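Below are two complexes that have subunit A in common, paired first with subunit B and then with subunit C.
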Partner chain A sequence: MLFALDFFMRRIAQGLIIVLLVALLIFTLLRVVPGDPVRIMLGPMVSPSVAEQTAKEMGLRDPVLVQFGRYVGQIAQGDFGRSFVRSAQGASTGGTRAADTFNAANRASVIGLIATAVPYSLLLAGLAFVFALALAVPIGIYAGLRSGKWPDRFALYLSSIFVSLPNIWLALVLIFLVSAKAGWLPAIGYKGFSYAILPAIVLAVELAPVFIRSIAVSVSGNLMEAYVSVGQIRGLSRSRMIVFHVFRNSLIPLLNTLGIQAVGVLLGSLFLIEYVFNFPGVGLLMINAVFQRDFPIIQAISILACVVLVVVNILVDFAATTIDRRLQY
Partner chain B sequence: MITRRELLASAGAAVAVAGLASIAGPAAAQAKKTVVLASMGPVTGNWDPTSHTTLGQSNFEKFVFSHLTRCQMEEGKVPELEPDLAVSWQLIDANTLEFKLRDGVKFHDGKDFGAEDVKATMEYASNPERPAASFYPGRVDVEVVDRLTVRLSTAKYGYPASAYWFISSFLPILSAKDVADPATLQKRPNGTNAFKYVETVGDRSMLAANDAYYGGRPKIDEIVYAYVPDANTRLLGLMNGEYQIAERLEPEQYATLAGNDAIVGHRGLSTENKYLHFRCNKAPFDDPRIRLAACHAIDREQILMLMGDAASATSCFISPMKFGFKDIETYPKYDPEECQRLLAEAGFPNGEGLPPLEYITSIGFYPKTKEYGEIITAMMAEQGFNVQLTVLEPAAWEQAIYRAADGQGQGHMCDVGWMTGSPEPDLVLRPNWHSKAALITGVNDPEIDAVLDEERGAATPEERLKILQEKVFPLMAQKSPSFSLFSAVNFHGAAKGLQGAYYFPNGPIDLSKADLV
Partner chain C sequence: MAIGTDIDPAGTAVARKRGPGTSLFAKAWRTADFKIGFAIVLGLLLLSVIGPYLLNLSPTQFNVSKKFLEPGLLDGANMPYLFGTDQLGRDLFSRSLIGLRNALFIGVVSVIGMFIVGSAIGMIAGYVGGWVGLVLMRLTDAQMSIPVVILAITILGVTRPTPLTIILVFILAGWPAYARVARSVTLSERRREYVRAAKILGASDLRILLVHIAPNILPPIAFVAVLDVAKMMIFEAALGFIGIGVQPPTPTFGTIIADGTKYLMNAWWITTVPGLLLALSLCGINFMGGALERSRNKILQGVE
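Here is the complex of A and B:
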């Protein structure tokens, strides 16, 4: 109990620092790269003086550190602000200007937009994990058990092919063949669960090689450990050793893969795939926000993504420590 | 007691049923005639049409709001006005334009349409304080003669009323009640056209057929106006039946539709020209000879070959869809010798001594801008210009092209198009080349100002046409504050079953007479 308390307190403190640094980095980069959100908010025909005045009123001309300090203060109170560009109804907007356009009530709450989008992304990510594991676990285990033989080579070749497929290309090809030509599955937008299958397959193809190699290497590595021979000498059958000991010990690197690599890969790819499929999750929200320089949304989603990675890492490390008490994080 | 196995089996069956139900959903919805339009442009969060200059929302508004007149702007035809909310119109004198209005028209909220609505709309939209005021020629006073007659007067503002001739087909008519209540005006669009606004959910705005439409109830029951920024997604959504119309396709995408039996492609010349704008308030392009030399360095034939179907060869500062268009005989042609002569005359023989020039273009907004930007850069380099091409994604590009508060803009040349929804040429000419605006070029040339004011002040359309073609465009060709590269072509794709849709050259689509068969 004390171990868990000490572990979580230490890791949460470290995580907070990481999140703060990432937030500062994103915040600064957004304000350094070209692209003034005021132009997008006000429309192309706005006079330079009005654009400048609006930017000043919104605090966008203050030093970056001053803006960041103000932002952190808001977040500490649970306020992630309101979108620069999206209306209260959630619609993505173009240039507009009117007397009360910048009234906060006219703009969508960032948390509200994210809360609407998150369930879609969770569904897609969850389904992608299920598909990826359904494919990777049997192939990876078989490859690990037959290390150096054809199942191992098959797993390697399959992983290499999957890794080599650019996800955007695969997405376009699958939509064209499976949805537009064959009509087997719907795609583009979201009207029901079936709309998540095709994008989840694309994400699973990207995730599966990471799982397959991790499982195969871990299982074959464990098989070569002395405890397997010792167990068999003591009378345990090979199948019992594999099912009850090798698989359990192979879980630790798989957990790390799931936690660090897979979530990282997924977060990156999810954004692109949601955009291509026009899938109304956090990724589509984020990419449109980037195009429109919608700083509050970009900042909040970046922070959210960072928090997810940090939390997953903490949980994975805790789970690994629980499985094998020799590990120290 | 339910066993774990039974529970899992039940859950699996529920998921399968949910999945099948969701697959079956869209098919079941076909009983209602719904057109999902995948739009490239977003709408704004403010439904007041005078609050924005956004293409996507202007296209959306065309479904909801009617105009005094209608102008089809058909390729190869002289633009002509047809009745819409006005049944007839005439110039009473140089500063007075009279409209007789249609009787029996109702707004979507049930209010009767009448002269007071035209008065409120015109006087409100032409107020220079409104964000979209630069679309209109200037302030106008409207006299209500009777319930169904209005007179537009420009006497107090020093320009002729004929400037509102074509604008009458572009300015959305609002309810006077809404104009008096800005909060309501911004909250929802309330017009008199064939479709009425229902709601906006995320990036989808819903419209329903207007049963009381004066032109007859549309056969399409519902329009879903969906913002889909990616052109590939729009095309694939059209191919798999999610969308019935996909806007603004790339030329290659349009070509791929040729072999698809379920989809019909639509190609149409737009009201947009693509320009290479020079920063005329910054050296070296503050010298018209250098601007002209740059124009003579560019072989537009090569650009047109690259653009293929997406461009139409024109030699004028406005599109053929605009009033006054004419290919100008003196328009700068590819002529390396003339380029060198002008450079030498300006004191830069073979380009020696010219500063490095930055040429700003975009990627992902218009077709092939980066590719023909590279061609222009190479052609100018051949004549001694030291040009560096800066390619920006749309948000950064949009910031870079317009002049900042100090009057200066980034770089020396910019690639920009200008799409407006009326045959009115001043919607292009004044924002770009009159010194009072010159949003990008920063040109400040009293001679250009004078001819632009002269054409706006012409008493009749005939006189105006003559001034445009014989004075304005030849002078601009000589001064070259910008170089119009070509007129742009729009590509749309639509489900074959959608019949009777009309595609306006500035983007809107008329579905009031369309049917989904």
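Here is the complex of A and C:
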């Protein structure tokens, strides 16, 4: 237990620093690029003096580091601020309203916006994982057991082709063929579970090669280990060795890929694919926020994504060390 | 433009001087996958350089009377518009070729950039060691936890994207993998006799790093670099699709595909056919990368 405590303390401390640095990076970046957030909040029609006054009231004219300090203080209290452009009713005002005062209370809270979007993204990500594993586990294991033979080559070429399909193009081709032409599945927006299937397939095609490769390499590598023949000499059948020992040992690298690589791939592609399918998840929220320069949303989602990556990294490393104690942190 | 040819011959040039590199590229070259991939990439590259001149069609010239023509490959009446025309009557074939050229250029240059930045950081971390190495490697680990796509979207979304900023963002996203390999290679090579001999003979640290250690970094990471070129090309297309890639009127796959989505039902070829060309070129690159990877694994395992 002492090991686990020490491990988590160290890694969480490191993770906090990373998240803080990323937050600072995004925060500074958003404030040094041209474009005044007050203009975005109040629209183009507002007089300069009002804009200036609002900016002062909101503290937007303070040095970046002061603003950042205040922002971190708010986050520590669980307050991620309010959207610049989205009203509390859900519609985006887009900064075109001719309102002459900015009333933060009628803007949607960032936490609320993200909380509505996260379940959609989780559904999509989960479904993509299920599809990818359903495809990759049988192919990967078969390829690993028959290393060098045709299943191995088949897995290889399939992976190469999957990796070569540009995700946005595949998404549009599927929308065109499956949704528009054949009418089998709906594609744009979200009105029910079936809307998540097509985007999940696109993500699964992107994830599957990563899984296939790591499963195949891991299984074939374990088969060559001495313990397999030792087990057979001791009277265990080959299939028993494979099912109970080889697969178990092959899990470690899979956990690793599942964790770091897959979540990394997913965090990137999920955003793009949600945008293509107009799927109301965190990615769509984020990309729209970038276009609308809705700083509080961009900051909060970047921090959230960074926290997810850090946590996944920590958990994967912890799981790996618990399964195989030879791996120290 | 000799961009795509950089992928391999640059490697072979280094390889000729050194043992491990020579056998790696020679072994990869002997596989059919590598040759097929190389042929595809080389063919498309030549096509993208001379193709637009052969057909004498402009990629950016509007011709409204010729808009929404189906691909000439399907309907002979629409020649010479091999891939058809888009909503403004621009030839999709020459647009795709220019897009391919830009994508390859951005992909290759950004991977070379990642390689240089990553190798430099990794070599310094491995060679100097101590707290400098510790800080650099912690930085590398930290970068792995940064949601790069989010960073890229933010940077390019709030600034005006140019090819240069796109390449810089890609370099920012991709260097850590190279830094890790460079560090481990440097750590193992540093203790070798030939490095000590060079040092005794009076070679400076910089010379040891650049002349003796640097060439060893390429073989273990060459395949990652080749695969990364394909990844960056996909990423470039995705950014273009969102509208934060290379800006119009320069044709890129992303903008062509995005334009076509509005006309997907009546003019399906605008989105699908250029994407097919992109997928084909990525296939070629990935075949080469895959062949390199397997050759490296064979050398590592000591097979053959």
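We adopt the following convention: the second predicted complex is superposed on the first by the 298 of 329 C-alpha atoms of A that agree within 3 Å, B and C clash if a C-alpha of one lies under 4 Å from a C-alpha of the other, contacts with A are read in each partner's own complex, and residues count from 1 in each chain.
By definition in this document, contacts are C-beta pairs under 8 Å (C-beta built on N, C-alpha and C of every residue); 3 or more make two chains touch, one makes a residue touch a chain.
Just so you know, these numbers come straight off a predicted model, no measurement behind them.
Peer 1: What is the contact status of A:T116 with respect to subunit B (first) and subunit C (second): first, second, both, or neither?
Peer 2: A:T116 sits against subunit B, while subunit C stays out of touch.
Peer 1: Scan A:F291 for contacts with subunit B and subunit C and give back first, second, both or neither.
Peer 2: both
Peer 1: Pick one for A:R39: touches subunit B only (first), subunit C only (second), both, or neither.
Peer 2: Only subunit B; A:R39 stays clear of subunit C.
Peer 1: With both complexes superposed on chain A, which partner does A:G15 reach: first (subunit B), second (subunit C), both or neither?
Peer 2: In the superposition, A:G15 contacts subunit C only.
Peer 1: According to the stated criteria, A:N313 is in contact with first (subunit B), second (subunit C), both, or neither; which is it?
Peer 2: second
Peer 1: Looking at A:A180, would you say it contacts subunit B, subunit C, both, or neither? Reply first, second, both or neither.
Peer 2: Both partners.
Peer 1: Just to be sure I read the superposition right, which of the two partners does A:S194 touch: subunit B = first, subunit C = second, or both, or neither?
Peer 2: A:S194 contacts subunit B only, not subunit C.
Peer 1: Answer with first, second, both or neither: which of subunit B and subunit C does A:V276 touch in the superposed model?
Peer 2: A:V276 contacts both subunit B and subunit C.
Peer 1: Determine, under the contact definition given at the top, whether A:L172 touches first (subunit B), second (subunit C), both, or neither.
Peer 2: both
Peer 1: Which parts of subunit A are in contact with subunit B and also with subunit C?
Peer 2: In subunit A, residues 33, 35, 172, 175-176, 180, 275-276, 291, 293 are touched by subunit B and also by subunit C.
Peer 1: Subunit A touches which residues of subunit C in the complex?
Peer 2: By the definition above, subunit C touches subunit A via 138, 142, 144-151, 153-155, 157-159, 227, 230, 233-234, 237-238, 241-242, 244, 253-254, 257, 260-261, 264-265, 268, 271-272, 275, 278-280, 282-283, 285-287, 290.
Peer 1: Quick check on the complex: what are the subunit B residues that touch subunit A?
Peer 2: Contact set of subunit B toward subunit A: 15, 18-19, 21-23, 25-26, 41-46, 48, 51-57, 131-132, 134, 182-183, 186, 199-203, 205, 226-230, 232-233, 236-237, 239-240, 242-243, 392-396, 398-400, 402-407, 431, 439.
Peer 1: So in the complex, the part of subunit A that touches subunit B is made up of which residues?
Peer 2: So the residues of subunit A in touch with subunit B come to 33-37, 39-40, 42-46, 48-49, 51-52, 86-101, 106-107, 116, 172, 175-176, 179-180, 183, 185-189, 191-195, 275-278, 280, 288, 291-293.
Peer 1: Which residues of subunit A touch subunit C in the complex?
Peer 2: Going through subunit A, the ones touching subunit C are 14-15, 17-18, 21-22, 25-26, 29-30, 33, 35, 156, 160-161, 163-169, 172-173, 175-176, 180, 260, 267-269, 271-272, 275-276, 286-287, 290-291, 293, 298, 301-302, 305-306, 308-310, 313.
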